[in-house]
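Let me begin by handing over the structure; questions about it come next.
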């Protein structure tokens, strides 16, 4: 391979590579910035909105510390379906909007708060635990 | 020189997924995101549905080449060296091998067995009748699927959704109608998650307030010896009568023997943690990946998927109804000692269906604790579904 | 496929399927009921017999809670072989009877109490632990 | 119409296991149950014997199709696509791949290495003599097996039972005489469990009360550097002298290096928990499944199995005796500082054999604590067995 | 009779490793021991380097037959039955299947995703610019490798060392230049361990004391919803633009979704413990085994390895420099709010490179806490490297 | 196969097997004894040397008990490179000598003390933990 060829190949790979890496990562900046915009909008909505957000931020650590409780989770799925529909519409809209963004066209969407999940364990285990509790009663 | 760069960029753009994206891909991606949403927001069986939906998402990003559904249509032509050909085997194809070889569902059952306490069933063996009764809907659904134009094999795979047991449904579908694996798995797990919505109206419709108020006797204690003998005997009896159920029932019972023997705590622990988690993950993501846009492009596939959704709902409803019906019969025979609500727990969907029995019973009579009594039919339903699966595979499996 | 054929196939599958599912699960009722019969017989044998049984029932939870002790298990296998032969005969008879039942003919058998197992860990680990203890002495 | 149903039921009955059950199946099922009993009741190496026995049970339920011993007799004809043919590969055949490929035993050794502290051996290197001496019985047993009419390869596989090390026995048998895998594995693990019964009489017979009372000097502390260098050096030396022992010894020492290096706690932890448990489970259940009724139907197989039981006992007894004998020799050479009872621990069977030394020593002299001193020969015996296995494979393994 | 014994001993000696040991084997063994030393003594990425070095050690003990590099040169001739032929597949060849099939690196990324918190990146999306900038050195190194006489494919594999991400480097090398896997893996992990040595001088050289003293604003809190959407969107966007990066990025994001969804704690836990540990172990030991003495015997291989070491160092240095350079640019644009030191963290090498930013920043201004700000570019660098790998595979991967 | 043949084969296998097993294990005695020799030499070097060694011996158990601390490990790798070169030379010499021994020729070497490693966790996890701590400050 001649030096000329080597230079062409290297230049080509380098150019395309750098362009694509920057293209992908800057397009992710766009998407993530939109998050941030709505995050800020959300936090401007008033005190209640802000508190909700804080609760969400603490969420992960709280969940890790908490040993999920079988009694609590017994009826949890039923509760979930009783929930207000606003939340549901919120998250579904957000995910759909995310796809839209990914596909190239941006449309407005509204992020509402996410419910905290209590169940950290599997349904299989819970059954065993429930039963264990039941036999102890 | 500049031309070379521009050509390269154009070449790369052509090789990018965007330029190969079709509306069908978008539909599939939207469906994936919808199931991710259900799994996270409403905890619809997230352990399976989240990997399944993400696998479906990845498989529908064009040119990702993670899954090649076409190779699985002609498995008998596959050569060992094809494994190394990335045009034939992608990452998810390799993980899918465990599904296709029928290895993952039995290993999941091993872990389920190690997690399951058959004590309530042993204490109240009549539960087994309810575990059988709640499989009747499977065969009604088979009939319905045949009427809606599915082949025998497809009808068998769809019917097993009514078994309300994910690994059993996947195992059966892999044997009978692997091309429908994606929609059937999605339907099975979704309806299992919807048990608390589907069952209560049917249960209330079929029972009187008086029946729902029946308080059942406390269960007798079960000795360790009984718990050790149970898995051995069930494995032998079921395998002898329905050999095709052996992989599922045999592993379920091995896991349970690990649990009850008390001498292999290490194996029991690993079966119900590291092993079942790894297998669940591999199974979920690769089963999801079978639902590719190419399939949706086949004429009639969308209609089939729609019919599967209808039939799955139908199957759950009938299974619940027959379970409750036999609960009522047992109640009459026993002279009013059996609360018919425990019958609906026979559909499997452990432990959700038993919790539904508990909840509906407590609504009628706040002092009524049916959970333990419903666990009997609930775990019996797992055995019942596996037997039904064995019968379907035996009668319909070409080979 | 004609409607007639579909009906025949469906009817056939449904009939056979339902028959086999009920057959298998009711035959399991038989076997499990036999357990129950002997369980009741056993509990009627007097106060001591009952207490033994209760101990057995508590067994699993007790074992899970207890962190097995290396010193205890040192000589445990030897103990096992020193045990009264009654127990041995009991369990072996029970398992053999279970097979017989499974094979279709039922014969009477007698369930005696089961020894409690102390070792919850593997022999490999125990060795390491023993040694560790030894070095700490 | 009714005829169709009746025919179907009859057809299904014919395809059920009951109608294909032979007396030999019943014998095998009874043997399985007997080993399940031993594993649970007397804790006979339950981690292996319980899965082995249950695998044997499942493989002997007719038509379960979990294992096809016949495919393993002609492995060179196997095609990749056969994996998907359920008449060739069942669930347990697929798990058995890891045995046949020689992958499971080394991975178990990886975990064993991560669990083993070679400190007592490093502190008292003379232990290695005892770890070698207690393998002599292996070669006597080889002689005995040849005399009893086994082929060279079979004799080698049977002899390694005397190594008192399960993974080594399975690894060697897979290479030399895979058709005997079931009985050899059962015999190896059973005799390992019986070490507390087999060894004490021999130990007492061969030693005087005075010898048994000898109290040994406390072991010197061992530095971390020594513990790190030990696995590296052993891996290099053993692999160079006996290359066929490399898979076992190399992995044993890698596991031990994980442990002693102190920098890869994650890998050490996983090697001795999730990984070894998963592999033990797969190995046990698939090795057990090789013991099928078809084999028992072969003329002479039952007699062979009986001879294996006799020879295995013989091997353990001789290994114990030679271990104690060399213990006595070391005692004389050292001027009375070595208690010969630690010699019997050289058979491997970690840590049971070391405990037996401790117990017999304490019977003679209640103030005598031999456990730590016996751990040296005990872990040396693991290396010794692997070396002996390497020699047998090297000399007898046709290819 | 005596002659027979002597002949056997001689035969065995000839079949021993000692008589087949060449000086090249000794060199390779010495190199292995050197890396074991680095891994244990200086904790040079011990999770990978210890298994890699030990695998290299085992593969270079003659006749151990654990690895057969020659079979991997002609994978398209491999037959399924070859798996059972110990002259073709040894223990490490079988473990190496997961490398060759491209399964291990994505599964490691799954665990990495489950361990990674993208919060700092979401809070400060400009970090992504730095994660891109620090990949520029990859393409400079590509140029350098071409100049030094490597083929395009080899140059691509070597260049990716600059990505400072082990699984990405192994994945890319397997696709482009598998014969260089050993040296590239060793170089990649070694330089990752050397990040605290390589980076600080470059960082200090390129920045003024005033720049290094810049204290950055506290990051905004990130909501759970953002953290859930992030992995889904990144998987979709990256896979669509660079399909060849899908296996890595898709699995990374699946693991992260497990983490952030909060509904599949079991899968998240297993992904980042049992599964990643098992895979790391298998990957390390089999990648190490590809570095066999036979390769070193090929003319020019030693020189190639030497060039790889030089080019790897060059790649790290350039990546660090371009990262810092773009940090300076961002600082100017933002009006002095960005400390350029966080740019160097864009090389990946999570979390070492971010700690280096923290440390160098604190040296200049003891009240400066850059760690959180540097974690943004740090995790962005992981995505950036995977994208760069996708581009290289797409442009250079023949098939 | 004649009895004569069987005897020859058995005798041959037994002889070679026993010789090789003893050969390998006694050659390991040699190597390990050399450890012991230097261990004793080391402990004779004076009080400080002895204490160092004791610390090393306790090392494993101590490490297992200690939950490694993210703050500590932050700068640990840098420390490692700052360390006195004596140790480095010591261990590298020891490993090299070990190879030499294994290859058949013994050369003297000097074992110096080994540093204690504090990090028991992976770099990946540590990052997460660091960040968590940071957010709590």
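We just call them A, B, C, D, E and F in the order they show up, numbering each chain from 1.
Please note the rule applied: contacts are C-beta pairs under 8 Å (C-beta built on N, C-alpha and C of every residue); 3 or more make two chains touch, one makes a residue touch a chain.
Since the model is a prediction, treat every value here as computed from it, not as a measurement.
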Between subunit B and subunit F, the fewest steps along chains that touch one another: 2
Partner chains shared by subunit B and subunit C (touch criterion as defined above): D
Option in A-B, E-F or D-F whose residue-number contact pairs overlap B-C by over half: D-F
Chain pair with more C-beta contacts, E-F versus D-F: D-F
Centre distance in Å when subunit C and subunit E are each reduced to the mean of their C-alpha atoms: 50
Interchain centroid distance [CA atoms averaged], subunit B/subunit D, Å: 38
Distance from subunit E to subunit A - Cα centre to Cα centre, in angstrom: 28
Multi-partner residues of subunit A (at least 2 other chains): 11-12, 16, 20, 91, 95, 98-99, 114, 117, 119, 122, 132
Residues of subunit B whose C-beta touches two or more other chains: 8, 12, 18, 21, 29, 33, 36, 40, 43, 47, 79-80, 83, 232, 236, 240-242, 262-263, 266, 273-274, 391, 395
Residues on subunit E engaged by subunit D in the complex (per definition of touch): 8, 12, 15-18, 21, 29, 33, 36, 39-40, 43, 46-47, 50-51, 54, 57-58, 61-66, 79-81, 83-87, 89-91, 94-95, 273-274, 277-278, 280-281, 285
Subunit E contact footprint on subunit D (complex, rising order): 75-80, 82-83, 100-103, 106, 110, 175, 228, 232, 235-236, 239-243, 246-247, 250-251, 254, 257-258, 261-264, 266-267, 269-271, 273-275, 391, 394-395, 399
Of all residues in subunit B, those that touch subunit A in their complex: 1, 4-5, 8-9, 12, 18, 21, 26, 29-30, 33-34, 36-37, 40-43, 45, 47, 111-112, 115-117, 119-120, 193, 196-197, 272, 350-352, 354-355, 358-359, 369, 371-372, 375, 378
Subunit C - residues contacting subunit B, complex: 6, 9-14, 16-18, 20-29, 31-33, 35-36, 39-40, 42, 53-54, 56-57, 59-60, 63, 91, 94-95, 98-99, 101-102, 111, 114, 117, 119-122
Residues of subunit B touching subunit C in the complex: 121-123, 125-126, 128-129, 131-132, 135-136, 138-140, 142-143, 146-147, 152, 155-156, 220-226, 229-230, 232-234, 236-238, 240-242, 260, 262-263, 265-266, 380, 383-384, 387-388, 391-392, 395-396
